[in-house]
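Each remark here refers to the structure printed beneath this line.
As written, the chains take the letters A, B, C, D and E, and residue 1 is the first residue of each chain.
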Amino acid sequence: MIVGHLLRGGLNRWIVLSLAVILAIGIAVPAANLFLPAAHPLHVPTYIVALFGKYLCYALLALSLDLVWGYVGILSLGHGAFFALGGYAMGMYLMRQIGARGVYGDPVLPDFMVFLNWKELPWFWYGFDQFWFAALMVMVVPGLLAFVFGWFAFRSRVTGVYLSIITQAMTYALMLAFFRNNMGFGGNNGLTDFKDILGFSVQAGSTRGALFFASALALALGVLFVAALGASRYGKLMVAVRDAEARTRFIGYRPEYVKLFAFVASAVMAGIAGALYVPQVGIINPGEFAPANSIEIVVWTAVGGRGTIIGPIIGAILVNAGKSWLTGFAPEFWLFALGGLFVAVTLFLPKGIVGTAMDGWGGFRRLRAARHEEAGQSDAAAGPQPEAAQ
Amino acid sequence: MEKAPQHAVGSEAETKESLRKETILYLDGVSVSFDGFKAINNLSFLLQKGEMRAIIGPNGAGKTTMMDIITGKTRPDEGEVFFDGDIDLTKHDEPAIATMGIGRKFQKPTVFEGHTVEDNLALALSGSRSIFASIFHHRDEEEEARITGILETIRLYPLRETSAANLSHGQKQWLEIGMLLAQDPKVLLVDEPVAGMTDAETEETARLLRDIARDHSVVVVEHDMGFVRDLGVKVTCLHEGSVLSEGSIDHVSSDPKVVEVYLGR
Amino acid sequence: MTLIRTIFAAFFLFLAALPLQMASAQDDDTALRQAIAGLGAEKGYSKLREAIAVVVETGDPRGARVLNALSEGDVYRHQDQDEVFIVAGRGKELTLLDPVTGEKVGTAAKGALKKVRVNNSVRRTVDEAVGALTLAAKDPHVRISAARTLIENPDPDSIEIIDEALQDEDDSAVIAVLEQARAAAILFSDQPDEERIAALDKVREIGGQEALSLLVRARSATQGELRDATDRAIASVRRNLQYWSVGQNVWYGISLGSVLLLAAIGLAITFGVMGVINMAHGEMVMLGAYTTFMVQEVMRTSFPGLLDWSLLIALPLAFLVAGAVGFVLERSVIRFLYGRPLETLLATWGVSLILQQAVRTIFGPTNREVSNPSFMSGAFRLGELSITWNRLWIVVFALVVFAVLLYAINRTSLGLRMRAVTQNRRMAAAMGIRTPWVDALTFALGSGIAGIAGMALSQIDNVSPNLGQGYIIDSFMVVVFGGVGNLWGTLIAALSLGVANKFLEPFAGAVLAKIFVLVFIILFIQKRPRGLFALKGRAVEA
Amino acid sequence: MLTVENAHLHYGAAEALRGVSLDARPGAITCVLGRNGVGKTSLMRAIVGHHPLTSGTIALDGQTFGRKPAYDRARAGIGFVPQGREIFPLLTVRENLETGYSGLARSDRSIPDYVFDLFPVLKDMMNRRGGDLSGGQQQQLAIGRALVTRPKLLALDEPTEGIQPSIIKDIGRALTFLRDEFGMAILLVEQYLDFCRELADSITILDRGEVVHQGAAEDLDRSDVRAHLTV
Amino acid sequence: QDDTIKVGILHSLSGTMAISETTLKDAMLMLIEEQNEKGGVLGKKLEAVVVDPASDWPLFAEKARQLIEQDKVAAVFGCWTSVSRKSVLPVFAELDNILFYPVQYEGEESEKNVFYTGAAPNQQAIPAVDYLMEEEGVERWVLEGTDYVYPRTTNKILEQYLKDHGVAAEDIIVNYTPFGFSDWQTEVARIKDFGSAGKKTAVVSTINGDANVPFYKELANQGIEAQDIPVVAFSVGEEELAGIDTEPLVGHLAAWNYFQSVDTPENEAFIEKWHEFTGNEDRVTNDPMEAHYIGFNMWVKAVEKAGTTDPDAVIDALPGIEVPNLTGGTATMLPNHHITKPVLIGEIQDDGQFEVVSETDELVPGDAWSDFLPESKKLEADWVDLKCGNYDTEAENCLGETAMADTEEETEAN
């Protein structure tokens, strides 16, 4: 329905183009991997499929952050938590799928429970042997956390950096909790050694291809969803809340609900991204909750251009591809390059790569001038509370 | 507020209540203080349905604070605030009060700088405020027409595609008035609408407000006495958080206390 | 028991030997030499301990030299000569010293020597043996620690010797400790119950964990009234300890809080006052720590005598180095980002990666050693509180830094300008304030403070390229919890989070304690959405 | 004292000033009038150095400013009362006033008495945070703050906005006092005609970024001049 | 492109683990350079492919895949933390390559494609505890660890072992702290309290990485001396001590299979080469470096034995390979993919080195499945005869899927 709304409004051709590209990649890459012989010039090695599958998940994650940060102005420094929760929900399903094939051969208990002497499955592992349940939990768990967290935080009018920092505290606390072996999620090692998903071996080329396609599809749907929201009246409302939250109250809106909806939707998107990510990389562990990971998501989004739709996608892919390439190409110096890139983007592409590109060159110059202007105007408010909505 | 035994004031309380029923805004014995500083001091203020009232008073008299109280931004320390006879405003928050039909223009113009002029109005346009409604909302022709109408009234039609951030100070004032119109509230609280406007625009604004007042209740705060005179309505002068003088413009402006603290010689 | 006995044998002989001059014993050192040669027999540690006992039993105080050397690991056996030497120097050719006189007697190739291996138990034997010899030492501190050794190892046999020592003793501090040692010994003796009950009080006086340990150990050999009395004593010590443990937790909390304060206070400027989401803050701390390392390195190689002063020299340097980096950073990057606070996160994150890797490239990825100067080593007791000097100094230092900063920001004209510029840069310029200069100085100040925090933190933590990462999150928590832009808030937040953590830790464990504190912060922010010391009123919303 | 010559100013592609020229002499009040959005504030921004001119020159006492930053202009003697007051919200009233010290010699660092004579309310509120004041109080503080810098040229952008009538009168008296006593040059952007008519020695009317009239205050009574100010 | 044999090096050069792992990368480069000077392997030069997995576990898997698929390495030397190893396991299984893992770990694992050259718990923890019980007469134990799987498992094994040796439950406390923990005041005070109960007390530390420096600093400052309460650590080596003033720590212990101070000609040569290679006389050597030294030489020998670098052939050739270790003995690759090692207990010296105070008489074979855990007692790993990493000796079958690759029909058993 939302899409219908979007179509009524006329699909932005950039959106159409990016949807087409994403879906084309989603089909072409696995196909080129599976059906073309290794010697063929267009053959895509499995390594690349695995790599890009991961990037697509990151892209969806960045897009989900963009929904709350770019549109509603909520700088979440804890989005990795939703991603990781989605990942864990999927990981639990995959663990249950191992069945008796674990090293200790226990038909029910995952290996880590066996050697920690657990005698039976903790209640929160129930149901995860069913894919549908796991799939539901992939969305429900992050969504619920976001709902509870957001419900309190937004109603209490926690804004700006205060909100950012408590999201960071949230993911940090979750990280510490999941590190604990007693929590029943495998402690530091997390969940690994997956065998199959829906009966197909996770290592099989065709499964890989299917997961790749699923990630591309999820990303495409994510783009469609965000684009549709952005084009709706709610999209305007989100921006209004971002720019002048207090003002929206006086014309009768409840910014807390505006935020809550976006936050929950975004958490669900992040959860889905995490769920698709886990079978492709083969491990989920508490490191995904690390605050630094969440900051990286922000960085991808900013590099690509927040508030745009393709920006975060491009940012996520570009930064991660750069990281993949540089960590192999210049293992001792890649941090200089990556760090330099971040500084350069902030200085020379103030709206991120896509944001600046969309403004075009003329726009770029206008922007420099406007920035000059803005610099003074907006920091009247920027003093003690950097992200003050108003 | 009343501390006297109930039976003795029974009738008084009753008259008070019937009095209240008539009003659209009813403030009684309202006080508020900030860190010990009494900004509003036992203020009582009534606005009848359909009435337009001008409020004047020295800088710092508490005019803006009074609007803050009515719109739920500031909670009074004590006193009663009622809307439409029997809605206790102190029990509601800003969005609730706004949806009940109290609209406000701020002293310092505040608009959505990330949006175009037109979108600012579209957001303010009356209608459901629920999230899901807003997701599936589709702007129809009637709304289109209303927006165009308002754009013309506030003379920003040529600038409708301009980002509100790029408006001049006065243009923002107008846009805010426009948003208030779009909201179509029962009561309009207008804080210094003509500050930064030319004389001609001031006259225009007075005309506009008189128009609105035909089927709305309005409270206007202004320092421009010419403008207040133009409005031709009852005037209340606040001072140090309570009413100093009330009546026709001639009555109030000749009140020596008002001259002393406000108009100057 | 055998050990204790030999020690006392040694002691008596030592006392006896004291009036005699060294000279008289000098010519007759064959017994000692023979005993020393026994140290070279290779048969494991228990044999070695026996060999030590033999040395001690000779009663020759000159035996202490070789025993100390043994403990230090400087005693070698010459493979060919089958003799034991004290060895000095390093490298291939080593100097041989006579084990009795300590005179140089020749050199030997490293290959020809075999080290006499010692371990903790051997070292302990040596310490106790040499320690007992020192109950008659000149320095009262040495005597006290010798008496303390006796408290730790109460033995009825020592009563006599303590009495003897008490007679010659006139230092009241030493007497007090000796009396406690005597009581402890009585408690473990088979003296009549009344005596032992009487001793209980004195033992209790020792206080703390030590008294408790003595009492618990003695309890098993008691019965009847004595047992009841012991139990009462145990209970009273326990109770006392409990009270003190609250104090101890408060102290730990304050001390953790002061570390948080130090880590956060620079950020309270760059983030709190300027609004820059400064992800490179941790790296500024790191730079300060590495500066301290460099200073110590130079001192170690060039002015070893000044090592104790290294922190004093590192203090301004750490401030300048981190401040200078901050200055450059502000001028080259941050200044283009005012009015876009969120973008500063991206840029400073990049800067933080670069700084980390730069330090890794220059100094290597591993920890570097920064040592505690002597005034920051060890601990002292305050009642039952054990307070380590380094923590105490860090608390003091943190509070001083805080006070200076508070003064600078609120009471100086530069501070006023800083605040004006950060509140409204354009208007500040229109008031004639040189905003670029003030911006750069403010950022440099925040960074410099982070640098001196790094100097202090190098005293308790790793000096590695990861140092900063360990503090950045906590620092942001503290600043935000306290209320952004409020220095007092930062202080109170740091201390209260520290104390909360330390009260939770004993029963929840370190991991859960940390989780609880984080959850507490999240909940607290719901109650006070702008931190502990939130600014209120229109001014903030404006 | 202040001369603006052929000033052009752009916001991106939009031109806000198109060849504005204007003089402000010492000992005189120069009033700039115009409807909303004609470029009055833009002109002020150009003068104090908040926004660069695309072309044209601005000079104070014959010294052209060029790209001189705002703080150097302030130190050269321009005091500024911006539209919207721009009080430092978290500084106390006293501290707000003291921000004016930075361009002054150490010996001059005091708040002139006439500031409190003009705006007694400031004295009562010395320790209150600027941001807590009412709109009009802030406006008074903004003027007082500009006076602390002992300017040669005082530039005021709609200083009467939101101010109660008696104080508007006070401000009027203050401006004449400053002009007559110190020979200050005063550049006043206004909408409030009567105020202008009373005070101005000369007027400049802007429309769509251009000067459409320049002359004596009396001209304001001419209807062709008035036409520029109506909608 | 076929004139070199590529060898992958998968150690973090940035992030939290760089502090430990960077040295191993250098050590590998040195070993490869040296081998090339000797003429390489099978007449071909070796080429090191270094990547940086940046202490990021999923990145380990990605980089492993890159090394194998893209760079076509013949074997990979890498990983430090268990989680990084776990993360790459499926990749090595899928692409059938070889990983040499050089760090002491928790055991409970034996994979066809992995060779464990670090210590299993029975090669480090148990002998260390034995030493303390016998030599120091320790009766009371604090098991202090970082909260992750290696300490958890090790402590579990130790707890069982101690109880089997008559230690009462109240004489053992187990405590975990987070990674990078730095405020040790409370914990150290607790150790002090626990140690003052009149029984000889020792601390067994499985504290990891960065948390050690503040821990030892706090120990020193609170005056816990080795003579009173010795601390024996399993994760503190020469490298970690380089960051601490060891003067107050003399006598605290560590258990490893190698110390730099070991006085053998092989070690002397190794250290000399290391100093030459790094151009720094102060660079220390440590146990995981020796493990790589052993692992690398084993691989070279196995490749030569197999006459090919083909992983399957090399995997088959490896068990039974013997190479000298640096402590004067011989390391043998066992069928369970672990090796034989001597266990050394060393005491910290004031120069930041360890002095060996005890040494097992014989080489200890690494045990993949601990005999002190009920679930794994019955398991056995044998890739030569049983072709199984987790053979259930009671049910006499190969558990789980590990066996599937080799013996298809057995999968029905599940």
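We take it that a contact is a pair of C-beta atoms (placed from the backbone, for glycine too) under 8 Å apart; a residue touches a chain by one contact, two chains touch by 3 or more.
What you see is a predicted model; the values in this text were computed from it and never measured.
Note on connectivity: the fewest steps through touching chains from chain B to chain E is 2. Greatest Cα centroid separation from chain A: this falls to D. With every chain reduced to the mean of its CA atoms, the largest distance from chain C is reached by B. Between the interfaces A-B and B-D, more contacting C-beta pairs are found at B-D. Compare each chain's C-alpha centroid with the centroid of every protein C-alpha atom shown, and the nearest one belongs to A. Note on chain placement: the centre of chain C and the centre of chain D lie 63 Å apart, centres being C-alpha means. Averaged C-alpha coordinates put the centre of chain A at 51 Å from the centre of chain D.
Distance between chain C and chain E, defined via averaged C-alpha coordinates, is recorded as 30 Å. Work out the mean CA point of chain A and of chain E, and you get 35 Å between them.
In chain D, the residues that reach two or more other chains under the touch definition are 11, 50, 86, 89-90, 132. Residues of chain A in contact with two or more other chains: 176, 179-180, 246, 332, 335, 376, 380, 383-384, 390.
The residues of chain C that reach two or more other chains are 356-357, 423-424, 426-427, 429, 469, 485, 511, 514, 535, 537, 540, 542, listed in rising order.
Contacts from chain C toward chain D in the complex involve residues 413, 416-417, 419-420, 423-424, 426-436, 485, 535, 537-540, 542. Interface residues of chain D, counted against chain C in their complex, comprise 48-50, 69-71, 74-75, 78, 80, 82, 86-91, 95, 98-103, 129-132, 145, 149. Within the complex, the chain A residues that touch chain C are 75, 149, 152-153, 156-159, 161-162, 165-166, 168-170, 172-173, 176-177, 179-180, 246, 291-292, 295, 298-299, 302-303, 332-333, 335-336, 338-343, 345-347, 350, 371, 374-387, 390.
Chain E meets chain A in the complex at residues 13-14, 50-54, 56-59, 61-63, 65-66, 69-70, 81-83, 86-87, 89-91, 93-94, 108-109, 147-149, 152-153, 156, 178-179, 373-376, 379, 389-390, 392, 399-402, 404, 414.
Put simply, chain B touches chain A in their complex at residues 71, 73, 93-95, 98-99, 103-104, 106, 110-115, 119, 122-124, 129, 131, 134-139, 179, 183.
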